[in-house]
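Next, two complexes with chain A in common: one pairs it with chain B, the other with chain C.
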Partner chain A sequence: MSDVILSVDNLAVSFRSDNGMVRAVRGVSFDLKRGETVAIVGESGSGKSVTIKSIMGILTKNAVIDSGTITYDGMDLLKLSEKEYHHIRGAKIGLIFQDPLSALNPLMKIGHQITEALRLNGPISKEEARQRAVELMDSVGIPDAQRRFDQYPFQFSGGMRQRVVIAIALARDPEILICDEPTTALDVTVQAKILDLIGEIKAKRNLSIIFITHDLGVVASIADRINVMYAGKIVETGTTEEIFFDPRHPYTQALLASMPDLETSEKLASIPGVPPNMIYPPKGDAFAARNPNALKIDFEREPPFFKISDTHYAATWTLHPYAPKIEMPGVLKERIERMRRNHA
Partner chain B sequence: MMENKAPLLEVEHLKMTFTSGKGKKKVVVNAIDDNSFNVYEGETFGLVGESGCGKTTTGRSIVRLYHPTGGTMRFDGQDISGPMTRELRHFLSDNIAMVFQDPVDSLNPRMTVMEIVEEGLKYRGMKNAAERRELVYDMLDKVGLTREHASRYPHEFSGGQRQRIGIARALVVKPKLIIADEPVSALDVSIQAQIINLLNELKEELGLTIIFIAHDLSVVKYFSTRVAVMYRGKIVEMAPSKDLYRNPVHPYTISLLSSVPQPDPTYERSRKSISYDIVADHIEMPDEERKMHEIWPEHFVYCNSKELERYQQKQRP
Partner chain C sequence: MQYFYFWRNIIVDGDWGVSVKIEPSVPVFQVLRNRIPVTMALNIASLLVSIPLGIITGTLAALKKSKLPDHVLSLMVVLFISVPSFVFASLLQYFAAGQFGWFPVVFQNTTDMAVKISSMVLPVLALALHPIASICRYLRGELIETLSSEFMLLARTKGLSHYKAIVCHAFRNSMVPMANVVIPMFTHIMGGSLVVEKIFSIPGVGGIMTNAVSVNDHSLTMAALIFYSAISLFTILLVDISYGIIDPRVRLGGKKNG
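This part shows the complex of A and B:
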């Protein structure tokens, strides 16, 4: 478990736009260990997708990498040429997109799209490719794979399409699988099945997974560690238990409090305001403007990471020994107490 | 608690079928399959189901964006399911307004916020521009926007703000009933809560009745007086909100509830989601016709008599 397979260090990415440089990612660092699932949670515009696009080397042309390294297998991925990247992208690091419909070619039979990926591994006969593809389809839970091999994407439901996308990603037997909101476009009952499937293939193939989502509920079951992102930075990182039972950053707390659950039914705690404009990133703690309990220093100086445990860090001045003690939102406190009681 | 109130909207045996193709290739889809329900004044009626279950079609049939294939609908005692006339169109648009899911597609990008919100007033023959403007400013204020926003275009706003514009447009004509079709599902979690709370406040303040259409059971709960669960065009269970969440009866409702991800890692890791099997879960007397049975007061479930017996054996905690 302990060896690091992928390491992102101080990554900063900006985009050229008509109105100026958009600072999408501002110094992100995290490690992915072999066999673990790391979640990156954040709202739209927090920089989570840009982070993984940097890892995959699929940033758009107007992107500028300001600083940082992404180390995989002794190489800095940010320094690779496009040709060298072909041996990494797909082969070593697979990617599952949010929308399974636009990830598939509508004019190509499903089976062909899977064998296409298989053939990238090296020469393979037509019969063998078909055999392997059908096995893959079986393993991701597509029933009647022999027949469905010859069907087109429109003949598949949303959940089945996502299974096909997963099969394609697995065809090259990657070590790392990056899932970019793989269940956001799906119905809840289908979402539950896809999450189960991802957990299953992870265990079977000893994959390491980076899971991107805006929904903390989704990662509660599958993540080992969670990084919470806001305005291009990781503001809190910890094990899943630490994040859900002992959230420290005001943003993590507000995000958890605003999540609907099935037990409480009072008013939802909402986060006032909107995320900052990243052309002019705010000074200090980026969340301060939306935090009713923000301290004066939050608007002036950027908080460093404070250590809560060996695995749990949060970048907020509230953890400074001189900071006044601030209670977490009542809804959240009650929920955490209820969770502790339920599982005691 | 609701019986003594007259229903604002009565829907009886509503049916909507779509057909495509001709001859051998003809396909008939029963988007709404004989549903009846009432919506009472001042309540929020949640309509929940997965994609393709007919919840949006139900909403659109009520505002008569579709012409229903069968059934009757009455609003405030007046029939609204007959042939479309000028009078009926006016009656509907005076009383019922919609808030749409996608705050990007549902606002005309070439119109300013002022033009978008005042359009309904113009249509109602309010000729005095100054008067219209005052009403629009007033409404923008109510939904948490400012006067300065009125002269801007939709692209200048964030998703949550656009949804506020959509709500202002719906409310400016003072409708009695709002049909909100997935108004928060395109928004971030933190913004979702803002919009849900806003709708709740406005409902109290303006005495609105709301039909809230959603796929997310956890969101609907914060909102609804009663909830109806739809599956393949059919309402399978309908109950007061709390009752439905505590004592779900129909196997589909149970499966839907069990799949909602919870912000609780211990629960999530031990969770077994229950899947619904339309054949295996209904083995008793498959020939007998199913209908809505009132299993407990105000708690309706779609089943046959044998299933009703089985459901009733479940202790109501």
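This part shows the complex of A and C:
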């Protein structure tokens, strides 16, 4: 177990609201191994952002951590004081934000926003800080960094700003990089470049990455393992191949079936219904209400994790030995066949 | 025709005429000359007192949002904004000066600076309450918005302490709309001082202007009004310039950064 660098165990987080407690995360567990990229996939409101905010210790004040531990370097991050957290945030775990347009302080020079992080590592001279910041900007692919150093965020494009955010996250040389939908707010062409950059810096700095996204297409190219989240729980976990070529949970299947691609002329499949209201979390499998093939037991009892392989688990009753065999939808079957062929 | 000459004199010679009733035959700006410093001192002092107090109370309210300090401050803000300054002036004069005798009742124009300053405390306070409340209210709103912004989260994920993140990131960004509030506030204070000067018998422009109006001394009224208008215009100019200093996005025509 020594290569596990961060371990989230049975994390449950709720938010106080006027209408009652919102159960945003309900028992999430996963491990991050050194040098690995773990993706958390799920739709809006599935609890993926709340999970990583708990890791960073930046939950809003109305959040309540119901249970769980987040172990890093022998410490439970959830028990750290705000002051102790300053040695973790930025220094050990860096975060890349979803929206680079609002993540930078609009009134502060780009260079200053980077050196500010650099200087937290220890006292360095102004020239040295500048030197290091310019190197950092170079390494994340910002051209003409010397001149760009003195510019303001509004003089940067979205993609360039995301590179700045990445530079800030890397400034203190963290071991873990958390990417919270880093490409969602960007153009598709820029997305690809940013993903390449993340892959590149990961290899260069031997980073471990937690990658949050709702876009399976993005995940395919970057992740080693995938956790699929729905309604505050991980419903399926496996390697990227296992999730893409052998999805078992009906939600994972529905997600894959609703991915747009260029090769079919069929109408894009969509998942019917809406996610459950997490003030009143459903009793059984949270996805049952939207699953046309749901079994009776899906509405009554929460499914445990069924083991498919050593790395592949899914929480769905369809994997129970007594469950009726449910055929995968034809569209999805075809698609998986195609993906397999393309992959090989 | 006389009106034409009046204007021609103003434009060509800068001659604003003489006072007719209050100090007969004395050029109007000579009448005002000694009074302008007094008024300016009073108003600038009020502004200088209100800015730090407003910022402190506003920050406190924003950081303790929806807690006791915030509620208490909100209540005081409503009170200070809705009650005009001359009411506070009269109340302060009656209680702090009249009943308890902490400060002189009226302005003392002596060379003894201690006495002079202590006699300025009450009028300055009366004038400052409204601006303090306005600054507090605006800053609270701005800070709360800035504190919940994404770049504050980024500042904290960098590893900055909460305190440092607020000082380095939230503060300056909240100041952008503040310039728009604080500087014209000076004009507002000037308006309040028209009456407050009268209450505390301060020999300023406000007092002489109300007198001039009531005795039909037109040229003097005109000169006093020009003084107030000039100040208002100047403050508006200051607002526009200050934007460029605080917010780099507003700096136009700069070629340095291309």
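Please note the rule applied: the second predicted complex is superposed on the first by the 339 of 344 C-alpha atoms of A that agree within 3 Å, B and C clash if a C-alpha of one lies under 4 Å from a C-alpha of the other, contacts with A are read in each partner's own complex, and residues count from 1 in each chain.
Here, contacts are C-beta pairs under 8 Å (C-beta built on N, C-alpha and C of every residue); 3 or more make two chains touch, one makes a residue touch a chain.
It should be emphasised that the depicted structure is a prediction, and the values quoted were computed from it without experimental measurement.
Novice: Tell me which partner A:G90 touches in the superposition: chain B (first), chain C (second), both or neither.
Specialist: Second partner only.
Novice: Which partner does A:A117 contact after superposing on A: first (chain B), second (chain C), both, neither?
Specialist: second
Novice: Applying the document's definition of touch, where does A:A220 land relative to chain B and chain C: first, second, both, or neither?
Specialist: So A:A220 only meets chain B here.
Novice: Touch check for A:T189: first (chain B), second (chain C), both, or neither?
Specialist: Touch status of A:T189: first partner only.
Novice: In the superposed arrangement, which partner chain does A:N105 touch: chain B (first), chain C (second), both, or neither?
Specialist: In the superposition, A:N105 contacts chain C only.
Novice: With both structures fitted on chain A, tell me whether chain B or chain C touches more of chain A's residues.
Specialist: Ranking chain B and chain C by residues of chain A touched puts B first.
Novice: Just checking: does A:Y322 make contact with chain B only, chain C only, both, or neither of them? Give me first, second, both or neither.
Specialist: Neither partner.
Novice: Mind working out whether A:I168 is in touch with chain B, chain C, both or neither, as first, second, both or neither?
Specialist: Only chain C; A:I168 stays clear of chain B.
Novice: On chain A, which stretch or stretches are contacted by chain B in one complex as well as by chain C in the other?
Specialist: In chain A, nothing is touched by chain B and also by chain C.
Novice: Residue numbers of chain C touching chain A in their complex, please.
Specialist: 149-151, 153-162, 168-169, 172-173, 176, 246-249, 257
Novice: Give the list of chain B residues in touch with chain A in this complex.
Specialist: Residues in contact with chain A: 50-51, 158-161, 188-194, 196-197, 200, 215-219, 221-222, 241-242, 245, 255-269, 271, 273, 275-276.
Novice: Quick check: in the complex, which residue numbers of chain A touch chain C?
Specialist: Chain A reaches chain C through residues 56, 58, 82-83, 86-87, 89-91, 94-95, 97, 99, 102-108, 116-117, 120, 150-152, 154-155, 165, 168-169, 171-172.
Novice: Considering the complex alone, what residue numbers of chain A touch chain B?
Specialist: Answer in residue numbers: 43-44, 158, 187-193, 195-196, 214-218, 220-221, 240-241, 244, 254-256, 258-262, 265, 267-272, 274, 335, 339, 342-343.
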